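Per-chain numbering from 1; labels A, B, C and D assigned in written order.
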Amino acid sequence: MATLAFIGLGSMGLGMAENLLKAGHTLTVYNRTAAKAAPLQALGATVAPTPAAAARGAEGVFTMVTDDAALTELTTGPDGLLAGLAPGAVHVSCSTVAPATTTRLAAAHAAHGSQLVAAPAFGKPDAAAAAKLWLGLAGPAETRARAKPWLEPLGQGTHEFGDDPAMASVVKLCGNFLLGAAIEAMAEAYTLAEKSGVGRQPLHDFLVGTLFNCPVYHNYGRMIASRHYLPVGAPPPVIRKDFRLVLDHAQQLAAPMPLAQLVHNRMSTTVARHENDVDWTAFARRVSEDAGLEA
Amino acid sequence: MATLAFIGLGSMGLGMAENLLKAGHTLTVYNRTAAKAAPLQALGATVAPTPAAAARGAEGVFTMVTDDAALTELTTGPDGLLAGLAPGAVHVSCSTVAPATTTRLAAAHAAHGSQLVAAPAFGKPDAAAAAKLWLGLAGPAETRARAKPWLEPLGQGTHEFGDDPAMASVVKLCGNFLLGAAIEAMAEAYTLAEKSGVGRQPLHDFLVGTLFNCPVYHNYGRMIASRHYLPVGAPPPVIRKDFRLVLDHAQQLAAPMPLAQLVHNRMSTTVARHENDVDWTAFARRVSEDAGLEA
Amino acid sequence: MATLAFIGLGSMGLGMAENLLKAGHTLTVYNRTAAKAAPLQALGATVAPTPAAAARGAEGVFTMVTDDAALTELTTGPDGLLAGLAPGAVHVSCSTVAPATTTRLAAAHAAHGSQLVAAPAFGKPDAAAAAKLWLGLAGPAETRARAKPWLEPLGQGTHEFGDDPAMASVVKLCGNFLLGAAIEAMAEAYTLAEKSGVGRQPLHDFLVGTLFNCPVYHNYGRMIASRHYLPVGAPPPVIRKDFRLVLDHAQQLAAPMPLAQLVHNRMSTTVARHENDVDWTAFARRVSEDAGLEA
Amino acid sequence: MATLAFIGLGSMGLGMAENLLKAGHTLTVYNRTAAKAAPLQALGATVAPTPAAAARGAEGVFTMVTDDAALTELTTGPDGLLAGLAPGAVHVSCSTVAPATTTRLAAAHAAHGSQLVAAPAFGKPDAAAAAKLWLGLAGPAETRARAKPWLEPLGQGTHEFGDDPAMASVVKLCGNFLLGAAIEAMAEAYTLAEKSGVGRQPLHDFLVGTLFNCPVYHNYGRMIASRHYLPVGAPPPVIRKDFRLVLDHAQQLAAPMPLAQLVHNRMSTTVARHENDVDWTAFARRVSEDAGLEA
């Protein structure tokens, strides 16, 4: 068992941190809004006042926050984790961020004498709570070897992507893109089925019972078929940010992704209309509206 | 056991007809190029010189041909199956055609005193041969009840879509659209992964081992990851035709499908360049080319 | 001066027919709703009860109707103009129709011993009334030579496109496509300007005073800048049909036109929402809505 | 006559600086590659070793450089113009940059006691040389009043966009976007005309002789019709950068611009294939290639 820290106790981080505790690790936690740490404190976690304080004495520090700016601030800012982290310790970065951000932070760690691995988490908050996440992992081989056992209690399995931590960030962006692509595809098909007279639900039931019998189509498709976009796994602005990261990365590589642009546009409209209290899957409404439904 | 006919012995139809024979049905077959019927004749099938002759005396006539024009000709043309079909007999129409074509042919059957059910088949030629197809079924309830047992030896299961046979044609178009959408999505993601340095194969292995663990992503994704678009399940012109049917139907319903248009465009380019000796999945090459790869 | 007929007295045809009369031609007219012919009768036109009757005795018959079906019916239908037209007479087809329709009707004329030229008209109803149209012209050289002087009183000039009448139909489709493309472009730019704080009108005034100083940007741009989509030059369903013709033609040639698809989608949404009492330029609203404006 | 400086002597800046000299202004110039200043020196300009040196003593400093990074560096960098500029002097920023960059630099000027106006230039290098540019102008009213006369010898006219200099940057982005949109539209139409048999040139001649009789369609259309993308007004990477700025700005405002994305994708492909020795209009090749031409 290791001495670990966990920074960022949002809907994903809370479940992940709890599973580290349950696995027997010694855990110090930090969250900007301290109240969210209470349930973990009850389970034995220590609450730190700053990321630096949380990192002090830890062999490994997990981070799970909303965006690149937050991750950068809590890593390299005045009270950031680097200010407390011992040389040789490991930063396990689980957030969805730009590959370039991962590269930049890895360089900051190298200068500090510590290491960063990127370990993005695939799954919704309920999967985080149930230790059913899938995890990517990339970074220097030796560091990966140290971090991998810590990831075990968080999910169903860990896939490694080599020595460059940015590669795991790329994989995470690809994964989220593919989810959005499947949502757009189902939204178009179910809308056609509705206007044709087949109905949304019969088409959905057929697809997930046959060719598309996998969790993504079951879970997101159920929302699209029923037009009931709750509970909120992730709200539209958060995943819209992820698609911006996909497109920024693709633009830097001169790799056109028209389908990613289409989904990004749907989500921009969703955010522009302040539909923020639904799951991001609700961008499927745009497809129906464009066909004159739900007006 | 029933007295059946099968018209259209292409890569799909041949396997389906063979499975009807193996199930013990009495089968008469017809194909424009008669030579293709030889293996079925060896298994006990009778070869008819025209669709009308094939239909004569049959309780049910299956058709599995390339497009709307071929299906219309062999149904209502001079030597078409209606010219031989007994009143009360059933036409089991398995081709991918426009819902409007299905409606038109159903009306021709009604005038003739016979019935049409649409029973589109989901799966590649190897699935047809292995009796692993999934089948849709729509048409008048009583007629469906007669036809359903005949479908059993062809696949893994049959899903019913009500009394209007055109609805099964809609479901088939939706299914093919969703396949193309998944291919486009993987092509964009794998291209990004390649240009990023992750590589196509590691991303594919991760996805199909986790969130996208279903046959579509396994089978089509393998081709896209390896850039090896063989064997030919269906060549580009055939599926391009299917996407035209999707878009024509969507246009009539005023239901915009930008993702279907994107895939259709990829396939138009593929056909315009005469890349017809590969599986239609090869439209994924367009995505790589647009990113400056494979030039 | 010639003995002519004019079939189709909609908002475009009425002005065109009046200008033929004013030029001194002897004119017989036909319209499905006969009442629309009254003003022309007052100017000396004879009103015929059928297209065939209108065509009887005419050296040239103009047609200007809504779509391919109407044109086909009034040309080759039971009381169609071919039933009255003398061998050697000329059909001047001004409607926006599929190139394939033009080809089909030209063949019907050839069989009849008459000729068809396509002479699509570019301009709005007010330009038709003011004899400010631009005309395309294609068909056999000798026939073009006969028809060209008749076109003179209708517009500002006639451009010839060779011996194949279908080529003029292609040019007309290209022209309408370019109008729609310019509308989409302005709609996106003006929406960005509005959300940025520049405002729609200042951007419009700048553009049409500098780089885009041509009628299309002035006239359509004024509507988009002011969000006032009146008067109705052509309603959304009519031009949506034109874009369908563009896409059908492009699909047959395997020539992807993603911008034409984008505009077509905007217009499908407009039609699906029954916004039919505005000029087709109003599809620009979709762009604003997608940005969270006009909701 | 004023004491001015000009920084950035590329294909645009050189002509602009020369026209300031010809108008009788006293001019100090700076360019990273000093050799480019030689022709101006011959006309009486003083050559400065740094932006700071060029700005020293100037009432107004023009800048015309490639991108946001270059502009930021030469304004606020160690030897940047702010290091030499007198309080009360004016920075006339002519480059195409992000509105946010303009805002940031305007704030730096405010802190310094100087002012910034944005004065983006519309036109190609030949228009810059011939004093045929169109200029936008935005910034504090009093500063605009001082700068406006300096702009007179550069072009055909100046349009003002209020007190916020960022607004002129927005207008410039909108203008470039509209150029790209027109190119895409012509490329799709001319490709359809080519595959139809009309030919590219006849369609072009018709359009620019009638509805689209304005410089943009004449000049860019000539290249597209002839497929001859020379001379280079601006190379693909430069305008691709402009489209990235458009899309970044639109993304921040949640204003989807699918047509801007389409053009950006075309240019990404062009850059990914290293086609950098042609005018950016050459992205029109992508449209032809997608239709199976130019392969």
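Convention: a residue touches a chain if its C-beta (ideal position, glycine included) is under 8 Å from a C-beta of that chain, and two chains touch if they have at least 3 such contacts.
In UniProt terms the chains read A, B, C, D = 3-hydroxyisobutyrate dehydrogenase-like beta-hydroxyacid dehydrogenase.
Note that the structure is predicted; figures quoted are calculated from it, not measured.
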| item | value |
| --- | --- |
| Pair sharing more residue contacts (C-beta pairs) when C-D is set against A-C | C-D |
| Centroid-based (C-alpha) most distant chain relative to chain C | A |
| Distance between the centres, which are taken as Cα means, of chain C and chain A, whole angstrom | 53 |
| Between chain B and chain C, centroid-to-centroid distance (C-alpha), Å | 40 |
| Centre distance in Å when chain C and chain D are each reduced to the mean of their C-alpha atoms | 38 |
| Touching two or more other chains - residues of chain B | 254-256, 258, 262, 265, 268-269, 271-272, 290-292 |
| Chain B partner contacts - residues on chain C that touch it in the complex | 244, 247, 251, 254-256, 258, 261-262, 264-265, 268-269, 271-272 |
| Residues of chain B defined as touching chain A within the complex | 99, 122, 134, 136, 156-157, 159, 161, 164, 166-167, 170-171, 173-175, 177-179, 181-182, 184-186, 188-189, 191-193, 195-198, 202-203, 205-207, 209-217, 246, 249-250, 253-260, 262, 287, 290-292 |
| Residues on chain A engaged by chain C in the complex (per definition of touch) | 265, 268-269, 271-274, 286, 289-292, 295 |
